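We just call them A, B and C in the order they show up, numbering each chain from 1.
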Amino acid sequence: MDWAIFAQVIANGILTGGLYSLIAVGLTLIFGVMRVINFMHGETLMIGSYLTYFLFTLYGIDPFLSLPLAIFVLFSLGVGIQRFFINPVIDAPHFNQILLTFGLVLIIQNLALILFTGNYVSMTTSYSAVSLKLGPIRLGLARLLGFVIAIALTVMLSLILKKTEWGKAVRAVTQDREAAMLMGVNVDRVNNLAFGVGSAMGGAAGMVTSMIMYIFPLVGMLFILKAFAIVVLGGFGSIAGAVVGSLILGLTESLVTNYLPNGSGWAEGVSFLILIVILIIRPKGLFYVE
Amino acid sequence: MLNRGYIQFLALILLLGSLALLPLFLSQYSLHLMILVMVFVVISTSWNILVWTHQISLGHAAFFGIGAYTAAVVYNAWQLPPYFDMLLGGVLSSVGAVIIGVICLRMAPWALAIATLAFAEALKILVIMLPGLTEGAEGVALPPLYGGGESAKVYAYYLVSGIAFLTVLTAFLLKRSRLYFAFTAVHDDQDAASMLGINPTKYKVMAFTISAFFVGIVGSFYAHYISYIDPHAAFNIHISVEAQIMPLMGGLYTVAGPVVGAFILTLLGEYLRITVKTGYLIIYGIILVLLIFYLPKGLVGLMENWTRKEGRALSSEKLR
Amino acid sequence: MECTGVTKYFGGLAALHQVDLQVSAGEIVGLIGPNGSGKTTLFNVITGLYPLSKGSIRFKGEEIGGLRPFRVCQKGIGRTFQTSKPFTRMTVLENVMVGALYGKGAAGEDLKKARTSSEVILEQAGLRAKKNARISDLTLEDKKRLELSKALATRPELLLLDEVMAGLNPTEIKEIMGLIGKIRQEGMTIIVVEHVMHAVMNLADRVCVLHHGEKIADAPPEEVSRDKRVIESYLGEEFLLASS
């Protein structure tokens, strides 16, 4: 048993898990507050990636500097989409919601296809090729920084949820919407902000992925199913669950990629396996929030 | 009343007649288009049946793919006659449906939606990762149906039209049968239904099975017809998406709805694919959003509003 | 029907604890108790909607505890829900037809027969005029009648009525009481859960009282209305004593 390799595998898994958590946390926040399955969450990542990419290649702006912009843009976009598209169907049967967000996905993805063409693009920044050595482990600097961003944003979100007025309102609505309404919480505003924040985190995830992998219009699809698997695993509405679930998925994929023959192919299937297994044995997830 | 029924019947005969005579007038390309239309008539009608029990499948392509790969694998292994492959494709799809149906029994609609989506994607990965059985990502070639000459398309057209006719007939008979009461009861309120003697499991799984069967058959047909199948084509998410948009556009709880939707959207899709090329799916997205907002009853529902029917409410449905 | 030692736990809480209940054919038994005493839970357990934690339930000599709801229905037990659950995509008549098509002994029933027998039931329940109406057009009382009709269409021998009079005005209550009386005359055995006291006291041969999941009384109405423990359990609630 080569411990050095094992340590590397674990490290990779954790870093990947960190990235996944950025996406998953946004998704679970939206579901917790609005009980809407947001299929277009993956597209927020895609938009964030392209935004970062263009700012870098056209204006030379370092991705880390464009992070706040990505967050802001996606936040506004999220609020806008919530108000005009999601809110009208928020009490409609699930069927309508599912198809609506699906329709939005088609629109956004294809808009990107038309505007940016289907070509795969990538960025090379000054630190793309740099990696740090930590004992026997090599950590790509870009991925490491991405992981740090993920932690920072998740911590910030938790603080916001704990300390601010809005955060408390979010937690109230997540636990019991009716009661929160009766207590005077402006649910519409909570919804808007939740969708905005969730999308913003997706955008941040996009910024991170732009540093470490290819960018293309359909990239959202790659992540959305994994995000669903994580959110189902961790429990809809639970931030902690999303984080834990992301780490579990990241680690499992890393282990499978390295230790199973043809592992990289099978690794894609891990999320589906988790999804189906959890939906059968414990559909509410690990950290279910009522 | 008698008059209108008579006219409807006449219209139907006229429609079927013209469909039957089409090959005489159409070019090879147009015939190919009509074959595609028929394929989607089967898929959209089948998907619709599942919705009658409030089960929304986002991964119907899974059943299409099962059918397609059954044909490919079985034919290349044993050279059985294509009709047999198709039947087998249907049967295996039904088996898959029973499996996923039972797995999803207690799930809320959104969970079922995600689970079926995952099912389709998982099958795709499975096919890619087992090249020993399925040639993996490279895909499988099959000899062309009916020899591939000029008349091959005509025969293929009649075959798939026959399948489509059977599917629509099944939906039609189902809707007027006792089963539809069970389906609708389960759709509206499972607990109340079970208190009236209906076993929700039985009917939900039954709907799944029926829904998958014809899709499997037509998947096998498609593999033979195109004479090639690969994982991305067989389990393509667009198949699943169109399976939903077509009935939604045409009218979810009707029999004619999915058919109308299939005709319009297949032809529209082809037109767009040729003229606009990239990103034409954006139109689908826009249509979907507009439908949800403005036309939840679909086109057939709209028509029924104009010619108000009374009596059986189950025949003119509102999207609940 | 015989319930012995029926116990139902939700998590650590006993919603029902060692409840014994006997009902003989042709009786009307009232089941009362303050909110949360377990009345609806008992119905849910009998009809199989919730599994039994402990105890046994026998119907006509057969053990039915643990059977799934649709089987319980097919054994001959029908039930209405506290908040009516009509099938909104169907008309009134079609709602009742579901019961006729799938209730006890319905195997092979065809649509025509189901339609006629459902119309008869609607006639009985006073809903014939509205047989083609949509659910959204119904008043509360109509919905209660519909709920009753659906259950009746399954040809039950034992009928469980869960607060079928809740929310009705005095005239409507009287009408429903009359309906129940008629059904009983045709030989039905009924268990009635109600908060409308005078209705229960008038209709029932016997009244059982639940409190915190336990049975605290089981006697003819006049005795129960004088039982100290029963009165105490209702302390603080509106309590209409049986008048005439």
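Convention: a contact is a pair of C-beta atoms (placed from the backbone, for glycine too) under 8 Å apart; a residue touches a chain by one contact, two chains touch by 3 or more.
Just so we're clear, the structure is a prediction, and the values are computed from it rather than from any experiment.
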To reach chain B from chain A by way of touching chains, what is the minimum number of steps? 1
Please name the chain that ends up farthest from chain B once chain centres are defined by their CA atoms averaged. C
Intercentroid distance (Cα basis), chain B paired with chain A, Å: 33
The distance between the C-alpha centres of chain B and chain C, rounded to whole Å, is 43
Averaging over Cα atoms per chain, report the distance between chain A and chain C in Å. 49
Residue list for chain B, restricted to those that touch at least two other chains: 320
Touching residues (chain side chain A, partner chain B) in the complex: 37, 85, 88-89, 93-96, 98-100, 102-111, 113-114, 117-118, 221, 225, 228-229, 232, 262, 265-266, 268-269, 271-273, 275-276, 279-280, 283
Write out the stretch or stretches of chain B touching chain A in their complex. 51, 56, 58, 103-104, 106-111, 113-115, 117-119, 121-122, 125-126, 128-129, 237, 241, 244-245, 248, 278-282, 284-289, 291-293, 296, 319-320
Quick one: which bits of chain B touch chain C in the complex? Just the residue numbers, please. 177-178, 181-182, 184-185, 187-189, 191-200, 253, 310-314, 317-318, 320
Interface residues, chain C side, partner chain B - complex: 47, 49, 68-70, 73-74, 78-79, 81, 85-91, 94, 97-99, 101-104, 106, 109-111, 114, 132, 134, 150-151, 153-154
